[in-house]
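The next block holds one structure in the form of structure tokens; read it before the comments.
Order as written gives the chain letters A, B, C and D; numbering starts at 1 within each chain.
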Amino acid sequence: MRRFLLARLAQAGLVALVVGTLSFALMRALPGDAAMRIAAGRYGPDAMTGQAADKVRLELGLDRPWPAQFLDWLETLARLDLGHSLVTGAPVIEELKVQLGASLWLAAAALLISLAIGPVAGVLAGLRPTGWADRLGLAASVSLRAVPPFVLGLVLILVFAIWLGWLPPAGFGTARDLVLPALTLALGLAAVSSRVTRDAVAAVARAPHFAFARHKGLPEAVVVRRHGLRNAAIPVVSYLGLQAIYLVEGVVVVESLFAYPGIGHALVHAIVERDIPMVQGTALAMGLIFVAVTACVDAASAWLDPRLRSAR
Amino acid sequence: MSTGLDVLTASRPRAVTARGAGAALIAALAAFTILGPLVIEVDPAAQDLSASLAPVGGDYLLGADHYGRSLLARLAHGARLSFGMAFLTMLTAAVPGILLGLVAAWRGGLAERAFELLANIVLALPGLMLVLLLLAFAPGHFGPLYLGLALTLWVEFYRVTRATTTSLLKEPHVEAAKLLGFGPAYILRCHVLPVIAPLIATLAAFAMATAIIAISTLSAISVGLQPPTPELGSMIVELLPYYAEAPLHVLAPAVLIVLLVLGLQLVARGEGR
Amino acid sequence: MRIAWFLAAALAALSTAVAAKPLKVVGPWEIAGVDPAQSGYVFSRLQVAETLVTADTSGRLVPALAAAWSVSDDGLVWRFTLRPDAVFHDGTPVTAEAATASLERARAGVGVLTQVPIAGIAGDGRDVVIRLDKPFAALPAYLVNFSAIILAPSSYDDAGKVSRIVGSGPYKVKSLTPPLKLELEASRGWWGGEPGIAEVSYLAVGQGETRALMAESGEADLVFSMLPVSVERLRRNGKLDVQIATIPRTRILKVNAGSPFFDDAKVRQAVSQAIDRAGIAKVILRNPDLAATQLFPPALAGWHVPDLAPLGRDLEAAKRLLAEAGWKPGSDGILERDGRRFSVTLVTYANWPELPPIATALQAQLREVGIEVKVSVGNSSEIPSRHRDGTLEMGLVSRLYSIVPDPIGTLLQDYGPGGSDWGAMGWSNEELPALVGRLVGMSDPGARAPLQRRAVEILQEELPSIPVTWSELAIVASKRITGVKVDPLEVNYGLAAVRWAE
Amino acid sequence: MNVATDMRDLSIAGLSVSGGAGPIVRDVTLSVRPGQPLTLLGESGSGKSLVAQAVMGSLPPGLTASGHIRLAGTDLLAAPAAVRRKGWGRTISLLPQEPWLALDPTMRIAGQVAEVHRFVHGRSAQESRLRAEENLAEVGLDRAGTLYPFQMSGGMCQRAAIAITHASDSALLIADEPTKGLDAALRDGVVERLKQEIAAGRLVFTITHDVAVAGALGGMIGVMLDGRLVDYGPAEEVLSAPTHPYTKALLAADPATWQRRVPTQAGAPVVTGRALAKAYGGRSLFEGLDIEVSAGEIVAVVGPSGCGKTTLGNILLGLAPAGSGTVERQGGVPPVRFQKLYQDPPAAFAPHQTIRRALADLVGLHGLSWGKAEALIARLRLGEHLLDRRPGEISGGELQRFALARGLLLDPVFLFADEATSRLDPVSQKEVVELLLEIVRDTGLAVLLVTHDGALADKIADRAVLLDRPAAWVSRRACDALTTGLAPCF
């Protein structure tokens, strides 16, 4: 177990370094005058002028050679400090706290809802492949998969906020603000996870041990619960892990549609406005989240599957 | 077991019909995509502000968008572009993904380690960031857009290929083929590809959908393609504000995407089961 | 069943949310940072911070923190006398020193004050004294700008940077969650009296569609800047009340008069005549009256010249002018002159959602007279940076003429010698700067009128930048509230005057 | 037509099972009485499993049973599926084939036994656990309760499965190929257990293709062929005086009845291993092992599964590295002339390829003539019509002969037959073996015969190497479980 953790830490460190460096390199390589972008980000098109850009360049020392700037970043990072945003001037860590925090909440909620939809539908479909549940599931998943999230979101807003008036169309801070954006994401996730689950369950249902469980005389519900779900969950879990990562960053449109302060939104702005520390910080955080999630997935699979435990 | 065979044969026709339907669907879309622009000589960029949001079935067959541009023409050209790009993206992701996957499974050892690391790093990098950064090099151009998407998509192909192939290469029939003197090329062609093909097909279907949706998503945050390029995703985005006045117009491009994904899915499933 | 749980939670939250009732304001602007130069306008519009001078809805300058002001006869020394009853949210009185400090910062930073020939700012008892190098009649107007808001000393950190907003307005910051959310509460002891509603929460919503839906769903009481498309729908909604004000903002085609394409005024006029402003205004802005017949909208008294020959569409004339300028249609219908195709890139940006659509429309319209336009939607900084390196050919920009209430400021900047980032490019004209120069020193409307008219005429003939449409600001208020009035200058939304309807 | 008189009997009368293609099992009549077990013999596809499934009521979708199956007086076929399922674990219980696959890989054994008490007999969790312990103790797995299937040997899995049937303690026990994949020693163990069940007065209905098992169990024996019951009677009668030719063939196919092969004088050594050692998972499989296989000679390697037989063969073939020691192969012979026959024929062919294609490609690769292939096919008594089928569509025996043909195309000097007949029906096993012997005689092929069937080795091998390490079980089972699961094996 200890070795496992150490390995993970090492991986985290490596990822952090690579990701940070890569994002720095790419940002540096981007064409266009960074000072101009930053100034535009700060002062908006009305007040933004060439002079403003010059002031920014001077203030941030953007004309320094890039190795110096990179070393700065490394040094501050070594002090576990991500630096300050070039645009808002706030510490990157603060920005991340708000925006990444919000995104994590959203992701968690979405994952939860999608778990309530996807796998359930998947199990129903998988127990009777090519049954009506399966066909319905396929149709639903394909259409959900092929509708852009913002269209989906809009439809949900129209239904739940305008017609039913149950939920706010946008905003953040309370549980009810979370529902619609989470649901929008969840449906997209469920579209795929339901299919993954379906295949997993179908595979388990074909397995001899599943048949034997029935022949033992266990009631169908018990058979599924005790001998179907756990086994089917093994591949599903590792898939959900990937989804979780996609979730945290792949939601920028949903964020802007629902005026939700997420990391995707922040990332877009940071890149457009050449806010290097912000981009690095975000990338870094995302990388670490990735490592954490994969660690959790491994742990979960090991818990689900004793064979993996003994293998380790 | 004889009974097992019975079950198989029983389910086979279904698979075939599903596959047929999918193939037909794709064929139809392909025809529309390839022939459409040739048959419909209307310029998809020609505006007629007086015909803004003309209804479906008027003097514009599928109505006109907010600039009074023929939706039919734009759909045809949009489909060509979107499907074309999606296909290109999928290919750019699938080919290296599969190749690396095969190499990793075949060689194992250092190569595998290196690829694994690479894949993990790509996964760890926010995909959105990758795409946005590449886009920032040449805003509004296809190149970086589809390169970026491919960069984020190849990992899935790689992982599936590697996992499946690794277990496949342990199978006796592969060992037998080696003993019989067959080379890697033959083993890949006759022992590995037939098995991984359906998996890849499913992945490809989803990858293409992902690509189209991603493009539309990027247009939604106005870092996608440049106007007046007709592209299904950005068409949806452009028309979204008018959803109340012309819902059909907004849905039309979405429907095309759904049909494509459905078609690919059916084909893939037909292959699979 | 988890969904059920969520809905339950949602409904529970709903009931609680109704109990405490803040005035819910929604607008498109995000709060990038607390620095006044960056997002001072939010704090000024929401009446958290105040400037010395402000403007009423008709653009007239009226006292704010400064109860009165005067200028020395030589026009070099201005005195602004602070009102005695003004206090900051931290309880400290608004002193001349505090004001001086804020103004000095504004001057040193990025903002309009940098354009004023200020020699020095000093406190003198309750007076803020501003010395100038040369007469500058528009100074008070410049002080209206949000970058000149007066903040309490406690707003600054040790490094002298603004760490929080401690203003003097009727509302004080309760909580700020950049970039989207700002919660305010009434500050006891504003010189203007108690605000009508004790709590205000501002939410930045980027998507126009979402803003409209917020209004429709009743989740927001006051929503700013509606998309033209939604306005009709909202007007039909019985619970809502839509107000529209034309604002001194014009969408112009910034053309590089230094480039071989636009160096000839004839070509610029041709381009202007090729544009179907009415169509664009009708289809994209949903209001034909916004077609810009001249640079300044009617709202800008003095600067709008009613009897000026309006800009309009005339394809024939346009083609003729282009022909006179030596541009002849090529094989593919695109104009050519000594081997060069008339193919230009139109740079615009998406900060204003209507710009890309308008660009697309212009693209199609200019094509009709044989001009090929490639539209490039980028970051707003493209305009200034491409202006600088001279690579800009055409830019569609949305220009605000009330950065200071008197357009003279913007004019001075945009059409002075050498032009400027958002104004003329590669265009030189001796007369205009002279006119503007004289206007800067003058304050008597009667005397200014003829000069203003002449200036406008020059811009109309020369078209250093080609007006496309004017703008309007659509505000949607729920009928739950009363007392909402639109400020065309967007200096201050007068929230303090808003009340719950009985 | 002996219809049951005793209310406790299982009596099957005029049972037919038919699918879309028509009847697969025709007019089968059997009965089982306490103390008089029934054993159905027959090759796979003969329909014996379908009979069992018909009794169980677990026929695959699309198949329907007609006739009568009376258990304790009630006609099972008359009852609706739901009612029949209620009988599972209460009146009928099933002893599954290959229990290491039939046990849930993710659940501890005790749980898998206890759940029968808990959910079938509705006992309290507490009581269920205690009774489960008893059941496990009965089969000598007192301490194994906390193990997972992959941590247990095949024999332990088999016993666990029996414990589960004890838990359900039903009147009728159906044992479906209970010895499939087990080696001789374990097979006898299972038979012993079944005998105890019989002694305990349970109705025992066994499906097998192993004549020895049928003989050991006694009672009644039925022989099935192509869906028909071709022979039925008391064990001793059927086994001593078979009436039907197929039964005769079946009995003749039992290696125990063969006469010993006359050892040929060996030619030059083809493969020689010296001081070979191999360890797996830190535990030595064999050490300092010398082995030599000469032309025209058959060397058997015998031992329980997992003792390293296959590994040894692979080492000699060069497929696996030896831990230490040296392997010499006859000089100047190209590697392709060292071939291998696999245990599971379908797994030895590319599943998506027709046989014809596979052979044609091989012929093409080595520039041979198709005529040679045809000659071999004829010689191995394989029909041309089989060529255009895929591996999954041919019987194991035929496919194994194709595998043999495939190897022989390359005129091998050495053939490693890895349990090459263990998965085949006795009859086809005999055919394959006979062909192999023929070829050895004619071509002087050197054969390394790996098997767990002592009798077989004893009858045909010139020499035998005994590898005996039962302890090796655990790791092998673990490996099985792993490969069926997610993680790769080694």
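Please note the rule applied: contacts are C-beta pairs under 8 Å (C-beta built on N, C-alpha and C of every residue); 3 or more make two chains touch, one makes a residue touch a chain.
Keep in mind that this is a model prediction, so the values were computed, not measured.
Asks: Once the contact rule is applied, which chains count as partners of both chain B and chain D?
Replies: For chain B paired with chain D, the chains in contact with each are A, in label order.
Asks: How short can a path of touching chains from chain C to chain D be, counted in steps?
Replies: 2
Asks: Taking each chain's centre as the average of its Cα atoms, which is closest to the average over all protein Cα atoms shown?
Replies: If we average C-alpha coordinates per chain, A lands closest to the whole-structure average.
Asks: Determine which two chains are connected by the greatest number of contacting C-beta pairs.
Replies: So the chains sharing the most C-beta contacts are A-C.
Asks: Report back the single chain whose CA centre is most distant from the CA centre of chain C.
Replies: Checked the centroid distances; the maximum from chain C is D.
Asks: Between chain A and chain C, what distance separates the C-alpha centroids? Give it in angstrom.
Replies: 37
Asks: Which integer distance in Å separates the CA centroid of chain A from that of chain B?
Replies: Taking the average C-alpha coordinate of chain A and of chain B, the gap between them is 21 Å.
Asks: Could you state the distance in Å from the CA-based centre of chain B to that of chain C?
Replies: Each chain's C-alpha centroid was found; their separation is 44 Å.
Asks: Return the distance between the CA-based centres of chain A and chain D, expressed in whole Å.
Replies: 49
Asks: Of all the residues in chain C, which ones touch at least 2 other chains?
Replies: 209, in rising order.
Asks: Chain D: which residues touch two or more other chains?
Replies: Not one residue of chain D touches more than one other chain, so the list is empty.
Asks: Would you pick out the residues of chain A that each touch at least 2 other chains?
Replies: Residues 32, 154, 256, 272.
Asks: Tell me, which pairs of chains are in touch?
Replies: Once each pair is checked, the touching ones are A-B, A-C, A-D, B-C, B-D.
Asks: Which bits of chain D are touching chain B when the two form their complex?
Replies: Listed in rising order, the residues are 19-21, 24, 44-45, 47, 49-50, 53, 59-63, 317, 319, 335-336, 338-340, 342, 344, 347-353, 361-362, 365-366, 392-393, 403, 406-407, 410, 483, 488-489.
Asks: Which part of chain B faces chain C closely enough to touch in the complex?
Replies: 45-47, 49-50, 52, 66-68, 139-140, 222, 226-228, 238, 240-245
Asks: What does chain A use to touch chain C in their complex?
Replies: Residues in contact with chain C: 32-33, 36-37, 39-53, 55, 87-90, 95, 98, 109, 112-113, 115-117, 154, 157-158, 161-162, 165-176, 178-179, 182-183, 256-261, 272-273.
Asks: Which residues, counting only chain C, touch chain B once they are in their complex?
Replies: Counting only chain C, the residues touching chain B are 208-209, 227, 229-230, 233, 276, 279-280, 282-284, 350, 356-357, 359-361, 363-365, 374-378.
Asks: In their complex, what parts of chain A are in touch with chain D?
Replies: Checking each residue of chain A against chain D gives 207-209, 211-219, 222, 226-227, 230-231, 234-235, 301, 304-308, 310-311.
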